[in-house]
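Letters are used for the chains, namely A, B and C, taken in the order the chains are written, and counting of residues starts over at 1 for each.
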Amino acid sequence: MITRETIVNAVIALLLLAIPLVAMTLGEPFYVTLATRITILALAAVGLNIALGLGGLVSFGHAAFFGIGGYAAGILATHAFNAEPLFLGIEGTTSMPWIWLVAIAVCGLVALPIGAISLRTTGVYFIMITLAFAQMIYYFAISWPAYGGEDGLSLSVRNLFPFVSTAKPLPFFLICYGALMLAIILFLLLRGSRFGAALQTARQNETRLAAIGIAPFNIRLVAFVLSAMVTGLAGALFADLNRFASPSMFSWHMSGELIVLIILGGKGRLFGPLAGAMLYVLIEHVLGGITERWQLFLGLILLGVVLFARGGLLGLLAGKARHG
Amino acid sequence: MVEPVLEIFELRKSFGALKATDGVSLDLRPGEIHALIGPNGAGKSTLIHQISGSIRQDSGTIRFLGEDMSGLGVPQRAHRGLGRSFQISSLAPEFSALRNVMLAVQARQGSSFRFFRPVMGDRSLKEPAMAVLERVGLAKRAHLPAAELSHGERRQLEIAMALALGSKAFLFDEPMAGMGPEGSKALTKFLDGLRNEAPILLVEHDMDAVFALADRISVLVYGRIIATGKVEDIRDDPQVRRAYLGDAL
Amino acid sequence: MAACPCAEYGTTALSTALLIEQLLNGLQLGVMLFLMAAGLTLIFGVMGLINLAHGSLYMIGAFACAVTASATGSFWLGLIASLIAAAAAGAIVEVVVIRRLYDRDHLDQVLATFALILIFSEGSRWFFGSFPLYLDIPAALQGAVPLPGGGRYQLYRLAIIGVGIAVALGLYLLISRTRLGMRIRAGESDREMIAALGIDIQSLYTIVFALGAALAGLAGALVGALQSVQVGMGEPVLILAFVVIVIGGIGSIKGALTGAILVGLIDTMGRFLLPKTLALILPASQAGMIGGALASMLIYIVMALILAFRPRGLFAA
């Protein structure tokens, strides 16, 4: 069924694709990089949205996974470059598919204990404990001089993807765009699946879920881990985009930024993260060009959205969300 | 003597100095409706919470289908067939009545970790759910969000979900509450037909319904069962009359 | 925040004087955190609101003190200014923004107060630029005091500890002995009830918020003389304050005090002792690095452990 929201989504998806294509023909590769940034931030936010939008889990520590993904890319690339094995004879690699696999796997493994402990808490405590875990990892990252410490880790060259010249802006953008679209499809499938039904019920009324025999904890834990894995993939791509893995990827500002992206676009909406990312980068670029104090206006806009436009950008464009 | 479906033995629960449950023993036999009545504050809700698993008893045992439930949480007990409805309707408000019941069907099938196949196109969920909704009389309202249903319809939906679960025993906590006379009559008739599928432990204040439906009645006062027996015996019991001072019996 | 005089005493020496000094530093940090945490926990306990902008109120207090002190030459006038400025900022923010958030879910509160952080931080940078301001320790509190064991300790830091104890006492008296305190306690247990009793909820909430803000501003001003006063100074403190109230139990002032002292001591002693302890089994450079990393992570590890066993903190309200 074609709703107004479907049309808006299609427009947004095509717009994101069109910008870099047009930019390349006009010989302005900078805008391709900007579009890639939007794409990757949107991907990270889609990951968070699995936990937040579907599951109602306000994770203030998702930057941890973004950073782990980024550092996975950086560390593997560095070891490949120095031709030094990591440990147990495992060697570095500059192959993106392998790097992504590692980033996703490590994020999943880290998210499991973090989720298992955090999900024993609720409400404000959950928000705080996810923040605490991310802070732990942040301080760990800046204290580890082998991988750059506070200065972060550089990737001398962008990693490789078979048959694609990743060093060029447009092909790399297309890889990221593909990843984003796949993630959005994954979100759509999850939302409509049995798992999604249980997860959304856990958000709406966990007493009810337990009363019919489904343990909310298990459902939420799986959602949390899946969510971490997608955000981790985004982190790996981000490190490749900037050719740099920075400890700020772990910071609580980053966690806050991811939540902001979702809210700006519209919480729980399929294209909410992407709409939010576009709006955010637009504000950063346009207002940032006028004043260094652009974040002041971001704050005002965010405040306005939270107080008065709770459906976010998609709420304004596509009307109220339809539920099952 | 047939094995009881649900057996509660010497259950005790205190909140500080307050003895909410003070050595309660009762059982639920196959095919019966066992009503639990008592004045306000008697501890009926606390007892239901302990049976369903949301509160842990201080001492005493709860056996369901021969199995000791003590270590099990709410989801596990529900999964083993203990279905309940809530005193204050507890549903997924954004989901339609149909999706709510489909979730119960899904829970019964034990298949919540399926990530890809869309639920709305799944006949193995939709058909049983619609059948149950037909049975409780909500079929015409199936696609409305639960938040938009009337109070009575929400009670019906709660019962539908317990049905869809394929429960082996029902715990109904004041299902008549807030229903007008028409609704109560319809629900009474419905529950009457339900007893053969699975026995019902019915907590109720509505005495008409209780006397019409109950095979046995237990009277709970200040956390203790002061009488258990058939309708006539309870009606004539002087202790029960005294406990209900002022209440029409 | 906690100075390490390791160069003075040598990295392996563990004298009583050094130990006492570090303990006092931990206490001082704890007291600072208490000032922040008390406000945060009151605001959450009474209004059910999670306030990320508390760090900004800390910053406003510090800036107000620095500006007033340099204009008038008096640190004490600066302190008064910090209390007034922070309380006023708190009251204004409460009336304009915060009061619309009481009925919202935590996500909305987090986002709105996060937005306030951006507004305050960038607003301050606009006003004052990105350069730090300096605040001098008042003459009356300069110098050091001899400690048992032979060391010397900054008088100013001792004064801060004193202020903290005084505030803790004052809060205790306020909450347990005054009518305002009674209303606060009533508000903590049943919000709807006190409205029904005819108590002016709106004013109560504004007062509680302003009180929390004033405490934060006081903390900022006091610390401003030890470190510099700059935008963003409130953020690390804010995070630690949240750790404190989570450990202590959100809504409990007793919990805030216990949590604050605990966090202050653990963090300070951790940074002090961990590298030394590890140096006994590892080579010095590794010990320093791993010890430093562990020390930074330590307080979060402690919090995660406490929440794993007591998901609502130590003194859950």
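Note that in this section a contact is a pair of C-beta atoms (placed from the backbone, for glycine too) under 8 Å apart; a residue touches a chain by one contact, two chains touch by 3 or more.
Bear in mind the structure is a predicted one, so any value in this text is a computation, not a measurement.
Relative to chain C, the most remote chain by averaged C-alpha coordinates is B.
Among the chains, the centre nearest to the mean of all shown protein C-alpha atoms is found for A. The distance from the centre of chain B to the centre of chain C, each centre being the mean of the chain's C-alpha atoms, comes to 50 Å.
Chain B has its Cα centroid 44 Å from the Cα centroid of chain A. Mean C-alpha positions place chain A and chain C at a centre distance of 32 Å. Not a single residue position of chain A touches two or more of the other chains. Of all residues in chain C, none touches two or more other chains.
Against chain C, in their complex, chain A makes its touches with residues 52, 58, 60, 117, 120-125, 127-129, 131-133, 135-136, 139-140, 142-145, 252, 256, 259-260, 263, 267, 293-296, 298-300, 302-303, 306-307, 310. Against chain A, the residues of chain B that register as touching in their complex are 52, 54, 73-76, 78-79, 84, 86, 90-96, 99, 102-104, 106-108, 111-120, 125, 145, 161, 165. Within the complex, the chain C residues that touch chain A are 44, 50, 97, 100, 106-108, 110-112, 114-119, 121-123, 125-126, 239, 242-243, 246, 250, 289, 292-293, 296-297, 300-301, 303-304, 307-308, 311-313. Per the touch definition, chain A reaches chain B in the complex via residues 189-190, 192-198, 200-201, 204-205, 207-216, 219, 222, 323-324.
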